[in-house]
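Take a look at the structures below.
Two complexes, one shared chain (chain A), two partners (chain B, chain C).
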Partner chain A sequence: MKFIDEYHNPELGKRLIDRIHHHSTKPIRLMEFCGGHTVAIFKHGIRQLLPTTIDMLSGPGCPVCVTANVDLDKAIALARLPNVIITTFGDMLRVPGSYSSLQLAKAERSDIRVVYSVQDALGIARDNPDKSVIFIGIGFETTAPTIAASILQAEQEGIDNYYVLPLHKLCPPIMKALLDLGEVRLDGIICPGHVSAIIGSYPYQFIPDDYGIACVVSGFEPLDILLCVDRLVNQIETGQYKVEIAYLRGVKPEGNKHALKLMGTVFEVCDANWRGVGLVPLSGLRLNKRYQRFDAERSFDIDPGPTHEAKGCICGSILRGVSTPQDCKLFRRSCTPEHPVGPCMVSSEGSCATYYHYGDSYGR
Partner chain B sequence: MCLAIPALIKSIDGHQAEVDIDGVTRQASLQLTPEAKVGDYVLLHTGYAINVIDPVEAEETLKLLKELSEVY
Partner chain C sequence: MEDKILLAHGSGGKLSHDLIAKNFVPAFGNPLLNKLDDSAAFELSGRLAFTTDSYIVSPIFFPGGDIGKLAVNGTVNDLAMIGATPLYLSLSFIIEEGFLIAELEKIVNSINQAADEAGVKIVAGDTKVVNQGSADKLFINTSGIGIVPPGVDISGANAIPGDKVIVSGNLGDHGIAVLSQREGLKFQVPVESDCAPLNKLVAEMLEASANIHSLRDPTRGGLATTLNEFAKQSQVGIRIEEENILINKAVLAACELLGFDPLYVANEGKLVAVVAPSDADKVLTRMRQNQYGTEAAIIGEVVNEHPGKVVMKTCLGSSRIIDMPAGELLPRIC
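The block that comes next holds the complex of A and B.
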């Protein structure tokens, strides 16, 4: 497949790995922010191939995983309302909230439909004018502009039974929050490729400037990731910290201006709840005043009740990079992909599911 | 969740495009990439093209990879 196969060249990969071994002299710790990177790194066995000087950690870049129970409970409460159709990406279905999940609500006859695109949710709203169609709006900056486009389209077409539960989150603020917590020492960050396709690379400038941490935006193929690690090692070894893009075919420094404009038209920045971290200032998106009528939480009267965290689940500290799935007593025992206790075991890009499927790539 | 894959634009009708993904035909919205044209590859995420892939930069990255792998 064009723009994928070229970045899977094993001979080139081997030589890059040799180069990284040659250049990496001091012990460093890198965090891949994005769950998609975590999966790619494990799938291609990249951790095992890197020198022992490089310690790799997974970060909070899985939107399903970071959605707090308080917000999951709202989605489940909305699903239980009469005359409502919930539309959602598939990986949200099995995520346990405080006492239930969308999947359980579906089994209890709530009308919940998995969609591939928010366009499909709009189509369901068009086809069911007598029902309220609510899209569960999770995702980072990659997905938020698609939701913005759907709201503008609904307005333009006069679709007045379409709503969004806005749970979108922003990457740079949570990176800053994690760095300010100071629980994990980091030398470099593998920045998310497709979030950066939208926001560009400028929003990460505070990372080298204020924290002296190397910062490289990466693509998702094995050679993309090796190039990113090589650039991070180079920055750290030379002490020249900056923001680089190792995925220039998909990411421009200024991002996608058109998508950013659509986001700015519909959303405004707000504080957001992150699993494991709590309320992070200015780290989420909500609909602005002009588009509030599309906001499901404002439009429907729901009482999700008190929240409850699953006993023993350490998804929160795994998302902060403080723990790994193997530190969790439930991992592979009572928490498996078939019977997940926490969200990191549900999402295909959650750390726990990735460790479960591919093992700890350090061979432990 | 932020998965996006390269897709080749075969035809465009307004903001909608027909794209080819390794032999599979799908519909894609170009609302986020109005500059995209037939013959471009786009990064497709949940039915939306989120960026046009830059073929020149793709080639440059491959050149850089080859250069780096030869220099220690």
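The block that comes next holds the complex of A and C.
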């Protein structure tokens, strides 16, 4: 993994930091959309290295965090069905829904298994033909193609006990929704790296064109992020707003055509529920008609009951960039990683967990 | 029929006796165990160290070791981390009905090898068999007894500002090796568990210096947890430098992939030492002569500032807090 050392190089890092300090003259506010970027920024102490002219905000790009309680409750209700094995990415386990979590359901003897890849979920379905195996399909455009591939494979192999609870969300529509809300003034956006590897950079074109905001796609190593900030500062200082890619080893402007085709084969765009924002038109994915039989929500009769939001939790406004975790009365008091109240404290990429672990005075 | 563990193997009857006579006594045989009395009786003098642990690793065989090797080395290392010389171990097996006797033999064999290498004797044991589903293949509980040499006083509460922090080698191998084999997470990674007995390394360090203040093996929770424990127990701050911490590239790559921080990943054959600054180089030189300390390095120091907290200077020159982990490490989504 030679990339790791190369993209941590202190000398190159210092050169980029100096350049940013030299070029940045006016106060600006940048948002990193993706939770992976938030973690990298805090982990490498990047906020401390930037000039005071640059204000950094964390955005909604954590798939666990933006999953609405109503959807979490569905996953938990599915887990409680007899003869069902729930397969999920590990991050989802501890997220509290309205009244429970998958972790609690597991302790109450539901069969819930953590997988790293959706292929492993399919393998579990293959090995357990007498059980219904449901994969909790959360994530952005990054994970959707692999889930599409698993459905096509299940069809091809005739695996009829494999289902997906489709909770996929799309990045460009939520970016537009946040900008239209107009709650936060932004000068530049650090666009997600892995998502852009799938969708490319063209879908962000409306951001500079319609909103006059700088856009740069970034990787996740410290030098990637510094280069991205440098490009954003350059766009803003010169007033030339466009979409740039500062992650050329991972992202092509047109994206990954094969992955996009897979997604298009299995999914169709639908309205989706976002925590903190509500229903956003055309911002999610569901299985299209041909593949509906793999849809867990359609295939099982569940009653998740009424939803309930934790009192005092401001995860919603943190996800919109309106508040920071320090603004929350529960942060570090009743809400900690051991006893999370909201999802942003659970997910390793949630803003609250990141501020909690890396924050204090060292995170700025 | 005979190749699997049956409930009867734990009944205390003939099958139990056969199992002990055929599988355990010949492997572990020593005068204290061979008597097969209800307790082992022996003479000891000096300050005793006594510890216990349970091993429930899944899978039970992993690259670089198995649950048996882990049980012996884990217990030996717990004794060594207060400077004790480990002497005697007890082993208690809780076996799931249907477990393959051939696999049990393999584990017994590796327990025997690990005990030989560490120079400890298995002097007491027990076997229980539970219904299928009541245990995951095999659990091992151990206890260990050792003697703390006169004048040795090692504790997580003894770190003093100015002390140097030494780590015995590269971090995260065990956690990644085990995780790479777990159901649902299988991935190919050229990493083996670092599982090893550290008692001889510790004995040599103690020969080199009378000023080793704290020792601990960074097992679950990794280096980050151990350093936080030291900082809190001793009410001191700890500053470390990222560039001095050694991590195998394959471990780094796996951590990147899974969204883990290698500072939080488990080790089973590494130790962290807090040593008076005057003796740090001496201890380091001695450690590097031992096969389990060849890559030892000073990674930081104990400071007066930020008591109870661990702060790391990153490669880029910024600082970040290294916090205690909360709960199990879970892979990220994207």
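As a working rule, the second predicted complex is superposed on the first by the 359 of 364 C-alpha atoms of A that agree within 3 Å, B and C clash if a C-alpha of one lies under 4 Å from a C-alpha of the other, contacts with A are read in each partner's own complex, and residues count from 1 in each chain.
The rule is short, and it goes like this: a contact is a pair of C-beta atoms (placed from the backbone, for glycine too) under 8 Å apart; a residue touches a chain by one contact, two chains touch by 3 or more.
Here the structure is a predicted model, which means the values were calculated and not measured.
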Original post:
In the superposed arrangement, which partner chain does A:Val64 touch: chain B (first), chain C (second), both, or neither?
Top reply: both
**OP:** Classify the contacts of A:Glu349 with the two partner chains as first (chain B alone), second (chain C alone), both, or neither.
**Re:** both
Subject >> Touched partner set for A:Ala246, first chain B, second chain C, both or neither >> reply: first
**OP:** For A:Val118, decide between first (touching chain B), second (touching chain C), both and neither.
**Re:** first
Original post:
First (chain B), second (chain C), both or neither: which does A:Asp91 touch?
Top reply: both
**OP:** Please indicate which partner A:Ala149 is in contact with in the superposed arrangement: first for chain B, second for chain C, both, or neither.
**Re:** first
Original post:
For A:Phe140, is the partner it touches chain B (first), chain C (second), both, or none of the two (neither)?
Top reply: both
**OP:** Check whether A:Glu338 is in contact with chain B, with chain C, with both or with neither, and answer first, second, both or neither.
**Re:** second
Original post:
Now for A:Ala259: first (chain B), second (chain C), both, or neither, which partner does it touch?
Top reply: first
Original post:
Taking the two structures together, which residues of chain A meet both chain B and chain C?
Top reply: 1, 4, 36, 63-64, 89, 91, 116, 120, 138-140, 142-143, 194-195, 347, 349
Subject >> Touching residues (chain side chain C, partner chain A) in the complex >> reply: 183-187, 243, 249-250, 252-253, 256, 258-259, 261, 311, 314-321, 323, 326-327, 330-334
**OP:** Could you pull out which chain A residues touch chain B in their complex?
**Re:** 1-4, 6-7, 12, 15-16, 18-19, 22-23, 34-36, 61-64, 89, 91, 116-120, 138-140, 142-143, 145-146, 149, 153, 192-195, 197-198, 223-224, 227, 230, 246-252, 256, 258-259, 262, 347, 349
Original post:
Considering the complex alone, what residue numbers of chain B touch chain A?
Top reply: 1-6, 8, 21-22, 27, 29, 31-35, 41, 43, 45-48, 50-51, 53-55, 57-58, 60-62, 64-66, 68-72
Subject >> Complex contact set, residues of chain A against chain C >> reply: 1, 4, 8, 10, 13-14, 17, 36, 39, 42-46, 48-49, 63-64, 87, 89-94, 113-116, 120-121, 124, 138-140, 142-143, 194-195, 222, 336-338, 347-349, 356-360, 362-363
